[in-house]
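You will see two complexes here that share subunit A, one where it goes with subunit B and one where it goes with subunit C.
After this line comes the complex of A and B, so read on.
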C-alpha cells in the first residue's frame, strides 16, 4: 500500500478478480455482500443473546450505532473527495515537462512521510496543535491517502504510449487537448485503482479518528475499552471490518464500470 | 521563534533522559516487525508458488490476502484480542496477515515474468519441476519478491504502532500514553518520540533491505 515502486500498484496479469472467468464477475460481486450480511446477522444474534448491562445497552442502541456509522462514512467520503481534488491535479502538474526537476524530491519527501504512523500524526495534531474533531481527522486522513492517488496518477500518465501522444499532436490537437482527450482517459484505470486504495486507507484510518474526537465506528471500540465492555468493542470492530470490506467491494465494481470502454 | 526553540530543546532533553526506554521500545518494535514479516514472507512466497500457475488459484489467493489488508487494523486487533487475548500474539497474527498481500502479489508477478524460453531450456537440460523452481524461476523472480517483502515491512512498521491498544510491544505505547495526556507538556514529547521512533525503525529496515537486495540477488541479474 505504501510502496515506493510500481510493483505495489500494478496487478499481475490475470489476477483481476473480476476477470477470472465468465462466472467470476457475478458470483464474486454477490458473494461478498451475502457473506457480510451473514456476519452482521451473526453479530446481531450474538449481541441479542447476551445479557446487556446499562452501559452496554446505552452504547449499543440502534441510534448510536447508526450515528457513528454515518459519521464514519462522512469522514471517509469527505477525505476521499479532498484527496482526489488535491492529488489528481498535482499528479498532472508533476508529469508536465516544466516540473521535472521537482518530481524526484517531492516523491522522496512523500515516501518518507508515508513512514510516519497514522496514529502518530493524528496524535500530534491533537497534543501539539490542540486540533481535534471531525476536521482534524479529515486532515490526517487526507495526508495519508494523497500518496497512492498521486503516485498512480503519475504512473498512469507516464505509462501512456508516447506514439499515441505524437499521433494526437499530428492530428493537430493542442497540448491541453492531448491531455484531456488522450492522456487522462488512457490513465483512468490506473488513477481509479489509486483512488480505490485511498478509499480503503481512509475507511481504516477513520477508525482512529475516535482518539481525537473525530467520531466514527472507532468510537464504539474506544468506548468499550474505556468502560471495560468487550462486547461494545467487538461490535465496533465487526462493523468497521464489514464497512471496510463493503466499501472496497463497491469501489471495485465502480472501478470496472467507470473504466473507459475499449481499453 | 523563541518558544519553538525551547520546545525543540525540551524534546531532545526528554529523549536523552529516557534513552534507555526509547531504545528498548525501538528494539521491541523492530523485533516485532522482523518476526511478523519473516512469517509473512515465508507464507506469502509459499502461497505464490502454489498458486501462480492457475489463474483461478491466484485470483483467489490475491482476493483473500487483499481482504485481510482491507480490514482496518484497529478492528482486526480487537477481533484477535477476543480470540488470543492481550499482548504480543494478536499483534503478530494481525501483522502477518497484513504482510501477506504484497509478498504474494509480487511472488506471482515475479514468477510470471520469468522468460518462458529460460524455463524451456532448463527443462531441456533435464531439471525437474522442483529444480527449475528453486534454481531458475525463484532466483530470477527474487528481486521482485524482495520488493514485495520490503513493501510489507514498511506497512507493518506503521501498523505495529497501533498494536499498543492490545498491549503489544513497541513505540505505540508512547503515542497512546501521550494521547491520554492531551494538554500536559509531556504529551507532545511522548507522541513525538513514539512517532519519530517509528520513522527511524522504518528507515533502518529500508536500509537493511537495500543491503539484503545487493547480497541476495543472483550475480547475473545485478
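After this line comes the complex of A and C, so read on.
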C-alpha cells in the first residue's frame, strides 16, 4: 500500500498515471496469493503422502475441511460486520461535541472488552449462561474486536483538518452534511485500517470458537490435540494461518481501492 | 467612529455586537458598532488578540454573538438559520480548507449544488470562475488540491467563495500563508477581480501594509474590538487619530503611501519603441535619437516583445530583433501601486517598469523620476495641510491679540 501511495504523490501533477503505473500495484498484489497457494499445495502433497488412520481420514476429508473453513469464514465475517455496525456509529457519536462527557467511560468499557482474554469470556458465557455455539462465539469475537475499530473511527474523525471543516461549515454545509461529505470520507483510510485489524484479530480468535462448539478451523486443531493426531492439528493451523494472511491481504487491497482519490 | 458617506448604504451593519467566551471575564468583542458600505473592501486590522477574527466570524455566525445585532442588507440575521445565511456569504480562510478528496471542480461546485443549481449551470459556473482566477478550466477542473501550488490553491479558495455569487465575502488573512512574491501577485489579481465584481468584503489581517494596499476603508482595532480609527487608508496615513494608530502604522508612513497611488494615477514616461520587423540598423538609428540605452520591441498587437540594448544591436550579425536582447521584464499593469512599480524598476536591467494595459499592450514606462515626483507631490500636499493648520492657529492667535 505504501508503494501505491508513493506512486500517487510522486507523479507530476496533471499527468495521467502511466499504463504501467496503473497495473504495477496489481502485480505486487498477486504475489502473496501465489505464495499462499503454494503453501496449500505443499500441505496437500504432504498430507497425501502420509498413511492416514481412520480418525485422521475422517477429519481430513475435503468435505469436513471445506465445512470447517466455511464456518470459520462465516464466524469472521459475521463478527466483523457486527463490529463495524457497532463501533463506527459509536465512534461517530463519541466524536460529536455533545458526547464529550461520556467519551472516557465508553472507551474504558471498550478497553475492558479487549483486555479480557476471549477464551475467558467464551468460558464465562458457556459456564455461567449456558450460552454455546456459533452466536456465543460471535459475542466473544465482537467484544474483542470492537476496540480497534472504535478507536480508529475516533482517531480518523478527529484527525480531519479543522480548516477543512471550518471551510465546509462556513460555506453553509449543515452538521450532517459536514459529517457525510467531509468527515467520514476523509476518515475512511484510518477507519479501514481499524477494520482490517479487527478482521485479522477475528480470523485468529475464531479458532477458539471450537471450545464452545462454535465450529471453525479451530475444530481441527482441538480435535487433533485431543486425539493426539498431529497431522490434523497441523492442517487446521496452516489453514488458519493461510486464511489470516489472505484476509489481511484482501483487506489491504480494499483499503487501496476504497481510499478516496486525492488523498 | 462609524462615519460612512451618506450615499453609501451599509451592506453589513453591526450593532452593539458583543462576544464573551465562556469562562472569560472580559468580552473578546465589546459592544462593537460598525457599518460596512456596499461594494467596498473593509479591512479589520489590529494586533493579535484584538478580536478582529472573532468579529468577522460573528458575521456568518461561525461564532455566535453573546448580544447585539447583525444586519445584512437591512435584514436582521442575528437569529436566521446559520446554514442558509452562510450560503449567501463567501468565506475564505488562511488555511484555505479545500476539500482534499474532491476535485477542483467539485470544490467550487459545493455551494451551487447545495442551492440546487442544475448540472449544466454548475459546470458553466465552475469554468467561468476558474477563468476569472486565471486558471485554465480544461487543465485544472479535474485535479485534486494536493496537485496544486499554494498560490493556485488560494485562487481556487477565492473562486469557491465566489461560486454562488454572494454579495458579501469574509476573508480571514487570505494571503497570510503564501510566500511574499506570490502574495503580492494574488493581492493585485484580487484587486483587479474586485474591480469587476464589486463585492462587499470584510477582510481581516494583522499586516498594516496589506490593509493599506487592499482596503477601501480600514478599521484599526484594539483589545475588545474597539474601533480606534475607521477611515480611508489615505486619511489613516496622513491623519492618524492617536499614538496607537501612529505606532501601529509604524515607521515609513510616507513610503507606505506609495501603496496608495497607482500607476494609472501618474503620468507615464515615454521610451523608444520599434515594431517587431524593424531592422537592427533602423533600431540603432531610433536609439541614437532617443535618450535611453535600449529600445523596446513591440509585436504586431503592440505588446512588449524584447528589450534590445545598443550593444545587442551592434552585435546583431544579421539576426532579427526578436532573436537578440532579452525578454521583457518588470511589467506592471495600471492598477499596480507605485510601490510595486518601484520594486520592479529597482531590479530591472534598464531601471524602468514597463506599463501594459489589461490586454498586454504597451502604454509607457515608470522610471525613478516619476516616483520621486509622486513622493514630492504627496509631501507638498502634506505641508500645505500642515501649514493650513498653522495659519489658522496664528489667525486665531492674532485675533485674540488684537
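Going forward, the second predicted complex is superposed on the first by the 233 of 263 C-alpha atoms of A that agree within 3 Å, B and C clash if a C-alpha of one lies under 4 Å from a C-alpha of the other, contacts with A are read in each partner's own complex, and residues count from 1 in each chain.
Here, contacts are C-beta pairs under 8 Å (C-beta built on N, C-alpha and C of every residue); 3 or more make two chains touch, one makes a residue touch a chain.
Because the structure is predicted, anything quoted here is derived from the model rather than measured.
Peer 1: I'd like to know which partner A:114 touches here: subunit B for first, subunit C for second, both or neither.
Peer 2: first
Peer 1: Just checking: does A:221 make contact with subunit B only, subunit C only, both, or neither of them? Give me first, second, both or neither.
Peer 2: first
Peer 1: Could you say whether A:240 touches subunit B, subunit C, both of them, or neither, answering first, second, both or neither?
Peer 2: Only subunit B is touched by A:240; subunit C is not.
Peer 1: Go through the superposed model and pick first if A:41 touches only subunit B, second if only subunit C, both, or neither.
Peer 2: In the superposition, A:41 contacts neither subunit B nor subunit C.
Peer 1: Which partner, once the models are overlaid, touches more of subunit A's residues, subunit C or subunit B?
Peer 2: B
Peer 1: A:81 in the overlay: touching subunit B, subunit C, both, or neither? Say first, second, both or neither.
Peer 2: neither
Peer 1: Could you look at A:161 and tell me whether it touches subunit B, subunit C, both or neither (first, second, both, neither)?
Peer 2: second
Peer 1: Which of the two partners, first being subunit B and second being subunit C, lies in contact with A:172: first, second, both, or neither?
Peer 2: A:172: touches subunit C, not subunit B.
Peer 1: Report, in rising order, the residues of subunit A that make contact with subunit B in one complex and with subunit C in the other.
Peer 2: 13-14
Peer 1: For a test of understanding, state which residues of subunit C touch subunit A in their complex under the given definition.
Peer 2: Residue positions touching the partner: 60, 62, 83-87, 91, 93, 95-103, 110-111, 114, 139, 143-148, 157, 160-161, 170.
Peer 1: What residues on subunit B touch subunit A, complex-wise?
Peer 2: Within the complex, subunit B touches subunit A at residues 55-56, 58-59, 62-63, 67, 69-76, 78-79, 81-82, 102, 105-106, 108-109, 112, 144, 147-148, 151, 154-155, 157-159, 161-162, 165, 171-172, 175-176, 178-179, 181-183, 187-188, 190-192, 194-195, 198-199, 202-203.
Peer 1: Where on subunit A is subunit C touching in the complex?
Peer 2: 9, 13-14, 161, 163-174, 177, 181-182, 185-186, 260-263
Peer 1: Taking the complex as given, what residues does subunit A use to touch subunit B?
Peer 2: So the residues of subunit A in touch with subunit B come to 1-3, 5, 7-8, 10-17, 20-21, 24, 28, 112, 114-121, 123-124, 126-128, 130, 132, 200, 203-205, 207-208, 211-212, 218, 221, 225, 230, 233-234, 236-238, 240-241, 244-245, 248.
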